[in-house]
């Protein structure tokens, strides 16, 4: 379960990225987060995974109290979630296979299991043929799918995808979203940040809309963005 | 003018990214390039700007013969084009202002002109308030717009945008496309790589569709992507 | 590529320390040789019967730091002196035989110059010894020379050592800076600090030990062939053979390699782990 | 941050070279002092009238490398010898006055040991000189000592210098590797190599000169306070004052700073420019 209670985030340079965000996401929910560029969507993800601390407000993720938890617990918080980062964050010095295997290795999974699980997940995102390539040798969409594979591989309790379809064509975007929907049906909480109006409208799920660091709408179905800035 | 004549590109690792691509783009045209992830779109841009050489085939860009040109001429080829890279490629150690000013400084523009021109372009992409920030302090969409500003700032003869709207909301995506369309109307050649079906359909321009490194369609209007891979 | 550069820097620093070590070793070997250039001439009292000479010699020989003792008869001494004066020493012929004003003596060489004065005084204080003549002046020069060289040597070792470690630690820092993205991504994916650290430490150890091996070979070559040939040409002092020094050198190199490679990378990765 | 690390490495390397330079300077100053420890005693032929002594002295003094010349009467020589023998030299009293078998002499000190033998032979060959007695043995020791120390010193300078430059160039390589993305992006935007290069070269120059300044201060402090105090305690040799050496040191540091900072970064950026 994820709880945001009146969360503020002011970056060191003075930008107020979040201005009192509150919401609650139950286990097993599927939530879209939408909003203008710079509305604070990625900042919410940063708070969730303790990449950075909120300036004010309470956050609870899978039982971890973000403000009070000890530093050494952070890795364990992060292992409960699989994140597709907006900028992918693949490790340059590792092949696609090694990148995807990394979350498994972190939790001490045996080689045998890794050798079975990684190709399976790479198959799902249609990247089997690139397993031995380095991130630099991939196209934009391929990198995005590698990042997705890495987020899925560990069967995390929450999957958070920041713009997971920005670099793939509409058909594949729909496939990816259906995949996430499948995973969600098996009990995993899924949070998708997206700008893809079509997808949001097609899938008819809960949509949290942000603007200027505030939640301006939280309802099921439909992409709402004001035309004026 | 851009001419691709039977261009092949095989990467060192054996991937055949382009398999005989031919097309011609006249000065002042507006062209969408679409295709599956990994179809070879970004590779075409790499060839255009001489980031890498084709394995086979002739390419001529703004009068430069890519195969035969001397290395020292490459910077001058690149100055004729403004590129929005799929991965933005902003310089981490420079502020947004400095990043956008860089193409001007490269051609020896005076400080006075830079101080007028850069804020003007940042205004167009709605980033004036982030001029003093570093790329790391920007959201994904803001970085993308900074990259766009940098591509526009120098009034290049060709603007090439690789997925320029992947990280912005539909409203801003439409704005950006309208901006490019404006610029195109003033005589600049514009090439947009995109997965955004809506945009392609809305703007009704020439669309080059790639699949597996081949041009499978080159016609005006409409986004065609086969559902099967 | 970066490994090559790191190994290069490490090898270079080790080479500096190793050269300083070899230098110090050779200087002390050389100084030991120089120390032989001393003598105490102890003139035996005329009242002592010749039968006691042997036991007297043994007593002196038993003193601390006496390296060599040689008996010189007064006749020999006179001849030596005459020889020194050359042709014009003929007038000394008058003193030969019973007329010889000189005395029988022991010529003593000291192994440790620090004890020179003490030995000289002890011998001088013996009943059987009339008086001594020593080369205290030269000994003083040699002593100060030795002290200066030793202190300089130690300080040079210390300075070079500290500076080298400093260079290595900064190089590791710069090299680690190259990996900061990699490290931060690993953290984002839920790796614990320990999990991230150990491959880096292993890599550091590998680089350290590789560097130690390379440096050992290089040092051996330079020392034996370059310096060896140079000194052979000098024809005065010979280098201490490498075979006598290599355990020390090897220990130093492996020590630095392990400590710097392992602990160095562990320490400098910390900054990025905490971030 | 990375600038700090680069400056640190550069400073450390300069410190090594500077210390080696100061060491060499001091060794040669020390050796010059040691060289004074020599003498030739030239005994004047008895047939030479005392009136000619002055001109003889002048002739000897005019020889190459004669640092000092002192006249010693035969009476004085006898007294000295007696004093050396101590109480037991009483028997020498018989030879005083007209009976003195010794000769008047000049005691000559040589400034350049390399000429010691030549001077000794020249003087010995003079008509007016009966014979000479010299400390050739000690001189030989000192000569070889000097040669060894000089050769060692030069080699240490060379090795340390080469190794330091090597370290610096590798450090620059590693540091430049950190900038490869930045450089490649600049190229993609149409910057010429020259345009990209000069800020890096300027930065390199700045780092080089900054390092030179820091190192100069550090070297001055260590030399004057740390080493100075140490040697003051030694009470035998004094260090060459820094004020006499600083132009050399400053020239070395600025030279390294400029060459390494400027040319070094120009050279190591090339790889990334060509890419």
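First chain written, first letter: the chains are A, B, C and D, and each begins at residue 1.
In this section, contacts are C-beta pairs under 8 Å (C-beta built on N, C-alpha and C of every residue); 3 or more make two chains touch, one makes a residue touch a chain.
From a predicted model like this one, the values you see are computed outputs, not experimental measurements.
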item	value
Chain hops separating chain B from chain A, counting only touching neighbours	1
Farthest chain relative to chain C (centres taken as mean CA coordinates)	B
Inter-centroid spacing, chain D versus chain A (mean Cα positions, whole Å)	69
Rounded Å distance, chain A centre to chain C centre (Cα mean)	65
Touching two or more other chains - residue numbers and ranges from chain B	none
In chain C, residues with contacts to at least two other chains	none
Graph class of chain-chain contacts, one of line, ring, star, complete, other	ring
Chain-to-chain touches, reported pairwise for every pair that qualifies	A-B, A-C, B-D, C-D
Complex contact set, residues of chain D against chain C	1-2, 5-6, 8-9, 12-13, 15-16, 19, 23, 26, 30, 34, 37, 43, 84-88, 91-92, 101, 130-131, 133, 137-138, 141, 144-145, 147-148, 151-152, 155-156, 159-160, 163-164, 166-167, 170-171, 173-175, 177-178, 222, 227, 230, 234, 236-237
Residue ranges of chain B in contact with chain A within the complex	11, 13, 15, 34-38, 41-42, 86-87, 126, 133, 137-142, 144-145, 162-163, 166-173, 195, 197-198, 223, 225, 227, 229
Chain B - residues contacting chain D, complex	49, 51, 72, 74-79, 83, 85, 89-93, 102-103, 106-107, 150
Residues of chain D that touch chain B when the two form their complex	181-182, 185-192, 195
